[in-house]
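What follows is a pair of complexes built around chain A, which joins chain B in one and chain C in the other.
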Partner chain A sequence: MRKTLLALAAGLLLAGSVGAASAADKLKVGFIYLGPIGDLGWTYQHELARQALVKELGDKIETTYLENVPEGPDAERAIEQLARAGNKLIFTTSFGYMDPTLKVAKRYPNVHFEHATGYKRDKNMSTYSAKWYQGRYIQGLIAAKMSKSGVLGYIGSFPIPEVVSGINATMLAAQTINPNIKVKIIWANTWFDPGKEADAAKALIDQGADIIMQHTDSPAAMQIASERGKLAFGQDSEMIKFGPKTQLTSILDTWGPYYIARVKAELDGTWKSEDSWGGLDSHMFAMAPYTNMPDDVKKMAEDAQAAITAGKLHPFKCPVVGQDGKAVECKGGDHLDDGQILGMNFYVKGIDDKLPGK
Partner chain B sequence: MQLVLEKRAERSNTIALISPLIAIGLTIVTMVILFAILGKNPLLALDAYFIAPLTDGYSLQEIAVKATPLVMIAIGLSLCYLANAWNIGAEGQFLIGAVAGSWIAVKTQGTDAGAWVLPAMLLLAAAAGALYALIPAICKVRFGASEILTSLMLVYVADLFLDYLVRGPWRDPHGFNFPTTAEFDPVATVPLLIDGGRLHLGSIIALLVVAAAAILLGRTIKGFEIRMVGAAPRAARFGGFNANQLVILTFAVSGALAGLAGIIEVAGPVGHLQPGISPGYGFTAIIVAFLGRLNPIGILIAGLFLALTFIGGEQAQIAMKIPLDVTKVFQGILLFYVLACDSLILYRFRLVFPNRQVARGTG
Partner chain C sequence: MELVEAIILSVLAASTPLLIAATGELVTERSGVLNLGVEGMMIMGAACGFAGAWLTGSILIGALCGIAAGTLMSLVFALMALGLAVNQVATGLALTILGIGLSGLIGAGFVGERITPAAHLYIPGLTDIPLIGHVPFGEDAFVYLSLALIVGVWWFLYRTRPGLILRACGDNHVSAHALGYPVLRIRTLAAMFGGACAGLAGAYLPLAYTPFFIPGMTAGRGWIALALVVFSSWRPGRLVVGAYLFGAVTILQLHAQGWGVGIPSQFMSALPYLATVIVLVLLSRARTGGSTAPAALGTVFVPDR
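On to the complex of A and B.
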């Protein structure tokens, strides 16, 4: 018995030291994921980007991820575990990791952190996000053209600026086609909960919506829209296989190029704390092929995409009129400035709903 | 032919003591097979799970931090369960405690309020948790409503109440509409015990709670009453013990401890009030209470053990690059063996042949 134990202990020591030696000279890069890697949405896209990163720089780096990390008291520990395991660059890929990332960043000044979609930064903590409202604007145009009932159904996650600016961009675009367009909004209060998302989609369709748009991460709403013969937009990832006759387009998160650029900077020693907020022109996200629509609508969408990419069209072109009927102050020349969009907490005119917490 | 589970006439204390070791042994054997099939080194996994977390100060601290709310809640629940009162709503009492305590933190934010803030938060949280737990207790005693259902349903009420507060009146005005309060001031924060770590005063409070429960159950008449009412309700009634009073008392104590755990978690590791402050502590604590056999020391060990599987699970994901699902399966196997071994000490399987019995009965 004792001999077996000794052998076991020796084996453990040996195994441990071998593992440490082979990984010592590679840059370790860590990822914290909110959902399971198979969520087919938000986390899945980060995982695809990680795989692209490994494909590009696999001989110089070693990546590790922790999935399904809740945005509560466990997040700080999970991030710290990655820092302690020797990861020098850590991507924390959800808004709720902001404060935990900041706390760990203060304790590990030699580790660099990249936090997605937040607004707090430090000398070793960058933030990165995408101007999804640009994609929402294109979707708003398509939705208004394709809707027969003139009612759009919108599944919101949380009433935070990123989501609110998406709803506003959608409506501003839709109003240019159909000034009387209506939107029904349901707050799911979650990023990922297929059951709740499906219920929300059903409720919206029952209220007369014939186009379903979502700011939650699973393909559940797409499946419901497909069952009920309605049209829908995907979110985060290509969801066409869940609704071959349903998906109009989808906003695709394409983090790969950013991750590769940041890891290269880390390898070169040129990594600096930054705030990256990329639009269609920066390839931070892309639009899935425009499908299930007539050619003229497709052409309109492609033209709008080209204009936004070229900087000729801004979704929040002034005047932007709020629900109270007053034009919002125009801080960015002929459009709202980034700060106004990043902190957006009002609905535009034409949305007959109340923003939660207002 | 039928397989029945039947109570053993006598139980061996030695077996009872080594049962957890048997369970761990069986887990290791199963895991070695599982990891071999997956093509991973089982020894490395074993190291990541059980040995690495126990051999460095950081992980030990994290185990204590994770176990603190579990142990505090489970101690309270064990008193309820011993007295045959089924409080399933500790999660709600945890959240209400967190909300009540946070009220003081939010209201004193940015003022020059002194050192009284934290103690006041802890007291108010405990009181609020106790009051919240009294709702199902009184409904049971007065109206005969099932406390299992009412206490469980109140979890969702508490959850939505917290949600409303952080999205509405208590939302951080500089937080871009995100559903969270501002970070608490230092006077409203549970002090850390070790520089650079996360171990906080709450762990000490949890230890005091364990000691108090051990004394209560082992050395006092009240403790005897609790165990008596649960184990032999008829005898207890003849002895003049009032079962209803005990339902009220144990629910209140259990609610107070859950509420205290809630504010300690919010004012400690989290630092502000937000939705999702509890990854299901109130429910996991039910497992901890039974894993610890409703015994204070047992609960302490069970809480630390469960925390170890969480920390070890993360380290295994990092060290071995195995997916979360495998670590979850592993935690499941472990719990399965612990409970199975426990059951087999008290019960045994027996094959029953109904035909033969019938023949014997008629003949």
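On to the complex of A and C.
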């Protein structure tokens, strides 16, 4: 319902919300955002990155963004609008913009496109995403150390590989600390509904979870955990304001360095179509400060972060055992390969739940 | 057993905004006006309610700001749909779009701020009774208000003369007009009541439910409230059943997922809608046959002078 509304709203707002662009010789860079820039989550982090870009290269470029652009046919129009307005590099920042971006890319061969979290590319269309599961692994270690009940509460959005691989990474890490750790998973079936996310957090806590982890966008779950005196992890952005004594850490999307690098390449004329799937080592995301935990847990988290960054620790180190008790085929040498992680559709052993649709 | 109490408390919290918004819309529709702008009025209530509470530190003032915002929005609707006799469906949809945009603008400066949520009632002795104390004696003011509101509306509609006149306007505006009743004025007042309720329902979200403001935080609750009015066949009693049933199934499906009952979560998420529709349809078939929609619902009335 909300999507439909946004579609209506965006259709109306599109004409109005295009920022002015005038100066002639500056490189024009466009951005398409899914939510409002004030969502405190996914879109907000892209906007922060755009601001960092402007700060770094503001004298050479001019940026325009369209917010609240729904995924689907409206997106194609919005992207085309940016292309027609003379933007030479366009970032489309949500998975659902994949096909619209590709279509526009074919019509505008001289414009370069950057699509976030997708898998379709063209000679003038790159993709970029982050290996968030690395961050989830660190969170799993912390969660297992900090949980007194031995039950973790996990709020999922949709059972897609990105979310499933996050749950698995969390559990694989937690099991190294406490082999009997349990996780309760509740799917909200939405990325954003503060009320529902809060209800899910309440349900998890009422059922005995004392650490709340989320893969949905609002700080509602953090706030509930804070009210109930439990601990929680943020998502996408810094949420410590909503739980000063609650947030352990948060996975922060930090697109800034990537945006700056790609725009520099465009300015130098060295831009070419690529697939960037960056982890902690490439600063595609960062971990918020480790807070509300004893020093030894903090040190463990920092050590794990350093090891993952250095490539010494892989969250999906073989053998990875599925719920059926069989080890998953190891295609990446001593760990699962990228394709297996990007398409992950199974739970690891130790999760007493059924993956929806399996 | 503590879990049961916790679940009931969550259900009441989840149902309250739906009940308040739907109560208002029920009165509006009973007067013959179809205002599809509930979602827009709610989100405006949320933004203004949070702004008011954050600036003054008072939940009460926040709630009043929410009510005022919803009422103002409904006046915009009344001006267009009643004063200028514009199509009500289109006007209501436009109101929702306007509300979503405008609330984002108003609320932009407050994103990331938090407030202390509305206090819960505490009566020493009563609230402390294990298992049964919190549900009747430990709610926030909105929950009690929502129940008082629906009882009041029932009494007004069925037990008072103005209520009868309001329903007459909804069933046959020409006759009501011929009898000398000011149809448009009555409808405007009904629409304003609907707006006030929607604003209050919206304000409930950032003032009590999730004490922060984020654009779009109503997340479709206004549409659910609208649907509840239809499925309750415009009767206050069934509306209460519908609202609490919807809230109950919403919360129970989350718990069921936590227990791992093995039913796909996508189906569970759809369950509140399914269950509410089925139960309300059964209810309305069992007692009375046919639809009880106000006969003049959504039709334009231009008085001949």
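Rule of thumb we're sticking to: the second predicted complex is superposed on the first by the 336 of 358 C-alpha atoms of A that agree within 3 Å, B and C clash if a C-alpha of one lies under 4 Å from a C-alpha of the other, contacts with A are read in each partner's own complex, and residues count from 1 in each chain.
Just so it is clear, contacts are C-beta pairs under 8 Å (C-beta built on N, C-alpha and C of every residue); 3 or more make two chains touch, one makes a residue touch a chain.
Worth saying up front: this structure is predicted, and the values here are computed from it rather than measured.
After superposition on chain A, the partners chain B and chain C collide with one another. When the two structures are aligned on the shared chain, A:Asn189 is found in touch with chain B and with chain C. Touch criterion met: A:Phe95 reaches chain B, while chain C stays clear of it. Contacts of A:Pro36 after superposition on the shared chain: both chain B and chain C are touched. When the two complexes are overlaid on their common chain A, residue A:Glu114 makes contact with neither chain B nor chain C. When the shared chain is aligned, no partner comes close enough to touch A:Asp253: not chain B, not chain C.
Of the two partner chains placed around the shared chain by superposition, chain C is the only one that A:Ala203 touches, whereas chain B remains out of contact. After overlaying the two complexes on the shared chain, residue contacts for A:Pro356 are found with chain B and with chain C alike. Residue contacts after overlaying the shared chain place A:Asp236 against neither chain B nor chain C. Of the two partner chains placed by the overlay, neither chain B nor chain C lies in contact with A:Glu47.
Contacts of chain A with chain B, set against its contacts with chain C after fitting on chain A, overlap at residues 8, 12, 36, 159, 189, 356-357.
Interface residues of chain A facing chain B in the complex, by the touch rule stated above, are 8, 11-12, 15-16, 19, 30, 36-37, 64-68, 70-74, 76-78, 80-82, 84-85, 95-96, 99, 103, 107, 119, 158-161, 164, 189, 342-343, 345, 356-357.
Partner chain C is touched in their complex by these residues of chain A: 1-2, 5-6, 8-9, 12-13, 35-36, 38-40, 153, 159, 184-190, 192-200, 202-204, 206-207, 209, 218-220, 223-224, 241-242, 352-354, 356-357. Chain B meets chain A in the complex at residues 41, 43-44, 46-47, 51, 58, 62, 65-66, 163, 167-168, 171, 176-179, 183, 196, 198, 265, 269-272, 274-279, 310-311, 314-315, 317-319, 321, 323-325. By the touch criterion stated above, chain C contacts chain A in their complex at residues 3, 6-7, 10, 13-14, 17, 39, 93, 96-97, 100-101, 104, 107-108, 111-112, 114, 205, 209-212, 214-217, 219-221, 223, 250-251, 254-255, 257-260, 262, 264-266, 268-269.
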